[in-house]
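Two complexes are shown next, each including chain A; its partner changes from chain B in the first to chain C in the second.
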Partner chain A sequence: MTLLSSVTGRLTAAALSLAVALPAVAQETPQSGGVANVAIQPEPPGLMLPLVQNAPTQRVAGNIFEGLLRYDAELEPMPQLATSWEISDDGLTYTFHLHPDVTWHDGEAFSAADVVFSADVFLRETNPRTRAILDHVASIEAPDDETVVFTLKQPFPAFIQAFEVGTLPIVPKHLYEGTDFYNNPANNHPIGTGPFEFAKWDRGSVIELDKNPDYYEAGKPYLDKIYWHVIPDAASRAAAYENGTLNIMPAGSVENFDIPRLAGMDGSCMTEAGNEYFNPFAMLWLNNREGPTADKRFRQAVMYALDRDFAKNVLWNGLGKVPNGPFSSTLAAHDDDLQPYPYDPDKAEELLDEMGYDGEPVRLLPLPYGETWTRWAEAVRQNLEDVGINIETESSDVAGWNQKVSDWDYDIAFTYLFQYGDPSLGIARTYVSSNIAKGSPWNNVEGYENPEIDKLFAAAAVENDADKRQAMYDQIQQTLHEDVPLAWIMELAQPTIYRCNVHDLITTGIGLNDGFKNAWIEQ
Partner chain B sequence: MAYVSLILGRVGKAVIVLLAILVFNFFLIHAAPGDPAAVMAGEAGATDQQFLDDLRERFGLDQPLPVQLWRYMSGVLQLDFGYSYRQQMPVLDLILDRLPATLLLTGAAFCISLLFGIIAGTLAAMRAKRPSGSIIMGLALLFYATPLYWVAMMAVLVFSVTLDWLPAYGYSTVGADYTGLAHVGDVAVHLMLPALTLGLFFMAVYTRMTRTSMLSVSQQDFVKTARAKGLAPGVIQRRHILRNALLPIITLAGLQAGQMVGGAVLTETVFAWPGIGRLMYEALMQRDYNLLLGIFFFCALLVILFNMLTDVIYRLADPRIKQGAT
Partner chain C sequence: MNFFKRFAQNRGALVGLVILGLVVLLALLAPFLYPDSPWRMVQRPFLAPGEVSGFWLGTDVMGRDVAAGLAHGAWVSLLIGLISTVVALAIGVPLGALAGYFGGKIDDALMRFTEFFQTIPNFALAIVLVAIMEPSTFSIVLAIAIVSWPPVARLVRGEFLSIKHREYVEAARLVGQTHRDIIIKQILPNTLSPVIVLASLMVATAILLESSLSFLGLGDPDTMSWGYMIGAARTVMRQAWWLSVIPGVAILLTVLALNLVGEGLDDALNPQLARAR
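Up next is the complex of A and B:
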């Protein structure tokens, strides 16, 4: 099936909730009440999600704002503000039917005009990622208050993946139309349609969200409040979870070596779910322009030299996945048959001899994101030195790392990238030559240029036939696997640690960023 | 009169020093790699050139550096410290919002360390040849040599996680919304661990210094005279020895007081105390130039103020110090 033609979301939703409800009844029914105490770090710069794209903002504000759709663990769309949707057979027209009873937190009625304003005006101006997706869109119209129609310039099958709250959050038109978006007073008290309302923000201490009593899904949300505790030190966050002050620790809240201890406490649970949409993919940028890393044999030698299983088991507690190639395993287009590079130091040395590597120093730039990343850089350095590569480790803070990667001033550099549910949204940007430009650490900063790959990515993005598209993506994966434009080191796990009396915390592939509307606490 | 002209002269110098510090800091932080726009784009996980250009234009970072400096300095002269790029709030608001928490923490630590340091040092000097004096000095050496973050983490582990006597972090109980006396009590309980942790090091320094200073003063002739006069030992200790031994302590206290705004970065981080130190560290990491310069300004201002205050206190404590003698 190429298209989700005429999926009736309401029916799907009913069937889904039935499927979920049946075992749930056997266990427990959700209880109202209770408070979520969640760690957040760093402190978000703002909570106006449509303006601010930082990871901590997305984590908190996904409760305040909503998108038209959510996505399950297989990244299939689920209803949110849109109850049902249709995609025309030619893949050019996307029609969304909106929930009729939605109001903004300030009491104004939500309508299709808000969606048109958000996508066509607001996000085109403020959000670079959404702007790129909307380049495929010719027009956005609201034939009536409950219907929105997106007309595309050409088929773009990935488009249906772009309606998640962080990518296409809906903005209240009545507060923002005709204003200076960046200096709008509403930014300090964001108004959304979500299950929780902004209540208070004590900078440096805590962000407080209250239950939205008028939420359009009857009975939800179950929690009375969410407190986001700003605690800058990882060991202090661990202590706050241990002594019971916090009951939810999002991924990245504690250093990896603390995870087994916290997850192993009595009444403590851990899940890796909710990772499917973003699926952070750790890589080593290899500078394809100059130095030893410009030689394909050297880059292949790096792949053979890395003991990726060791890093996974020792540094990441066995969580995560060693990738077989450039596409992460949660993507539908992932080629399962691709054979991963094995850990084979002899083969690596052979390749280095063949290219005549003379011991020229190679700079390694770690990602300054805490202890685990520092240790990982040490492990990689040791792997590479074992096969005779002369490594010089550089150090920097986050801003310095940013600058060096953006200006291509590195030989090997750690990074990780989000996948956003489709190769054309999250992967093509890393390899196509049109994305070679200084100034951003998320461009094609390794400098890989391959006209065949450019053509394939461009064609696959607009190919409406799933089989043909998959054939192209298979070809892309095989070529990249051979060329090693960069080293794929790990699909990172995103373990959430929480008290076991918190239920239904993560119910979609977006994870905690999707909000806590289903979460409830067993009293 | 002498004091007034002295202070006026000092204020004039202070203004020049402050402006020089601002200019120097301005160039120093612009020399660090990366700018706030790049950091914000980096955190977003995806970006394009238009986004970066928009940010730089809004922040005024597209202007040449001298123009940016001119704009900044002319703002400061009108007491306008600009906007924090990242937090989208006036720098002055952000700093004033965080200042009380920091002053409470560092002020409490200052009082604790000064009071207990001098008491412990005096006791140690009076019992210099007895085991109890050695025990005090042993403890002082221990606190002097132990890294602050280690003390902080151990304090949390013992008093919060294991014993559950004191809160592990924060300024007040989240969600309790106490008012009046209950609020004061709540903050005091939260203050205890960070203030003690921060105060321990200086307490040890004061203890050691008071003891040494008192022992050396007690060898001097006027003390012998006082003893010969038949004054009570307590009076000699307090009036003759301690007062004369205090001068080096005042110097040191002036130094510690000067660090009251920016000197608690580590403690504030470990205890999630919403103060200036954390704001400064985060502004540095995020290259939030305006905010960082504003905090530097306040830190410098406080150092200068306390230096002046120390000079005045010197004169009160020891009338022999006259104008121009320093």
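Up next is the complex of A and C:
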């Protein structure tokens, strides 16, 4: 897009200059004190993270609860409640050594029994995603108060990626054992082991977290308080940041077009770090079952017709990444040699001619998540119409979108999915035929069936040899790239905008979602 | 000739007619001036008016030509305004005629029915209807028609009530004309002037309604309309005010023109009521 080059240039330059500003901060010594005022959008439905999985819940409650591990930007495990861990050579036994001096916010001592209870009882009952991971686990035992041993049924190398606070949060056994988890009074005043304690929640206004004075990592946390401000209107949030009421704006709380303005203010910093674990990946579901989208050539034509760079530069202000295939670029299993589909409308028209596309109208279902997504659907529609595909845009609200996608009542539909650090946790679910079932908008919704792919995903998940596993994942990526079960449109960026005097805000690949334990404010 | 003379005596009406003529011309010429889809992304986004030659109104958030959108939007706005008014008349006129002519229980029943629609706030009802039916040109026209027919029914009923006891109507009844003939041939033609005036104002209201719906994101997602243009530009007011202002002025001028024309029609059709100017 030569027309856009100057805009692109400007934006990239802005992004670069912001990125350069970051590394310098790590050298200073943290100071205690200060208050973080953070935007939270939308207001979370609850704060009991092990029960409520919404993104805003995790963002707030990641300060209250903790997992055994955290993950750095390369998704390598880092200690949290577990200080060290060993994985046996056969890949079947995971032994975690827990931090000895941990107490719950109500003063009770934390022990290995809490971990066993959380994983084996609580989360198996309440969290479907975690339950699926724990299906690989034969037993969870606590030989002593500071050791937990997970024994697997077969090797499952991705297992070490599953101990993040959102996936395997540790809940207090002494409050929940033997109770009705969903109606436990503790849900309204969550008790965790994290660096911050729940203080109070004025619904519709503010959630207040206090420093945990007895936190087991000496000197931490540095902040005295965190206020999470609920401000539904984007323009008001931006104004609150400008006038200093807020000093941290997590991803999603600033409209894309407003990012350069807010990030460019004096004393305002921006980072895209902290996105590596979830790595939201925007896609177009293409209904593989019926209509023109059932033809592989049509789906390939869609890939050639989409001007993905335009969407990235104009709609997302140059943030994010155009993917080369089904795996996001931050995954270790990503095949770097895969050539992305170029923007080539002529090639798309050629493919459409070849398959004999007769102008049959194709329905496009946008994701009703706000302005950017609406504009994106308009751009995609224009791209597809330019190569001769007849598009009818459908409108719906979020519930209608859920319904239509779950019922497979669409031709092309926007979505985005988390990648969860490993193909077996975040990607296989979208392509394996065993995951085709009406009723969920998050499974193999497109209806792609390929026995070879099923076999490869199953084998790769339990393959302990890294090279062999990679060979399988490469083959998966090449096959999917050729078959185009769905259109991969963008690896979404998650920019956080904050005042530059806030330091060490994001220190892991989980970003703001695993808490402000290291954050400090320069006085 | 008399009619046009009276119409022309109202200067405002003439101005309105000229503006309206230009808008209609723009709408008719849109496919020739801008044969490409107005959705096509053709230049850098956020060009100010005149910044690049050939884009005299600039480009929007995605680099679409604002002038093309304005031209194609004129077509959409006028068409929706006209069709929904015709539909509203098709509902309101017969109901009002029947109620006024027959009176009694029929009148009661029909007027209670009309009041039912009148008591619900127009715009709220239109939003609900469009949301239920899913936004499309069809559902928008229908929704606008459904919320705007009650005043027509009441007006026609009033006219019928006053006319039905006139001597020529009684004479027609005496010579044995059927109710249908009396309604259609005798009374209806004599109620037309106020209905025409009302209709011209209804087109203006319909354009406003359609724009408001599109502004809220309830427009037909596949048609470029003025309301959509304002809605899409609302969030970038601080960066590019002209994106909202240009279609806003277009709506203002069109609605103003329709109102002026309506006033002129009123003067021309009801000479005895015409104000001294």
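Operating definition for what follows: the second predicted complex is superposed on the first by the 496 of 523 C-alpha atoms of A that agree within 3 Å, B and C clash if a C-alpha of one lies under 4 Å from a C-alpha of the other, contacts with A are read in each partner's own complex, and residues count from 1 in each chain.
Note that in this section contacts are C-beta pairs under 8 Å (C-beta built on N, C-alpha and C of every residue); 3 or more make two chains touch, one makes a residue touch a chain.
In this text the structure is predicted, and so the values were computed from the model without any measurement.
Student: Touch test for A:D386: chain B only (first), chain C only (second), both, or neither?
Tutor: Touch partner of A:D386: chain C, not chain B.
Student: Tell me the contact category for A:Q53 with respect to chain B and chain C: first, second, both or neither.
Tutor: first
Student: Contacts for A:A458 in the overlay, against chain B (first) and chain C (second): which applies, first, second, both or neither?
Tutor: neither
Student: On the A-aligned overlay, A:E43 touches which partner chain: chain B = first, chain C = second, or both, or neither?
Tutor: After superposing on A, A:E43 lies in contact with chain B but is clear of chain C.
Student: Decide which partner touches more residues of chain A, taking chain B and chain C as the two options.
Tutor: After superposing on chain A, more of chain A is contacted by B.
Student: Given the touch rule stated above, what does A:A437 touch, chain B (first), chain C (second), both, or neither?
Tutor: Touch status of A:A437: first partner only.
Student: Per the contact definition in the header, classify A:S396: touching chain B only (first), chain C only (second), both, or neither.
Tutor: both
Student: Now for A:V149: first (chain B), second (chain C), both, or neither, which partner does it touch?
Tutor: Once the two structures are laid over each other on A, A:V149 reaches no partner at all.
Student: Under the contact definition given at the top, report the residues of chain A touching chain B in one complex and chain C in the other.
Tutor: Residues 235, 396 of chain A touch both chain B and chain C.
Student: Going by the contact rule set out above, which residues of chain C touch chain A in the complex?
Tutor: Answer in residue numbers: 37, 39-45, 61-63, 134-135, 217-218, 221-222, 232, 235-236, 238-239.
Student: Where on chain A is chain C touching in the complex?
Tutor: Residue positions touching the partner: 3-4, 6-7, 234-235, 255, 257, 261, 310, 314-315, 366, 371, 374-375, 377-379, 381-382, 385-386, 391-396.
Student: What residues of chain A sit close enough to touch chain B in their complex?
Tutor: Its residues touching chain B are 35, 37, 42-43, 45-46, 53-55, 128-129, 131-132, 182-183, 187, 202-206, 208, 225, 227, 229-233, 235-236, 239-240, 242-243, 245, 396-400, 402-404, 406, 417-418, 429, 437, 439-442.
Student: List the residues on chain B that touch chain A in their complex, please.
Tutor: That would be residues 32-35, 38-52, 58, 86-88, 94, 97-98, 101, 153, 156-157, 160-161, 164, 167-172, 174-175, 269-272, 274-275, 278-279, 282, 285-287 of chain B.
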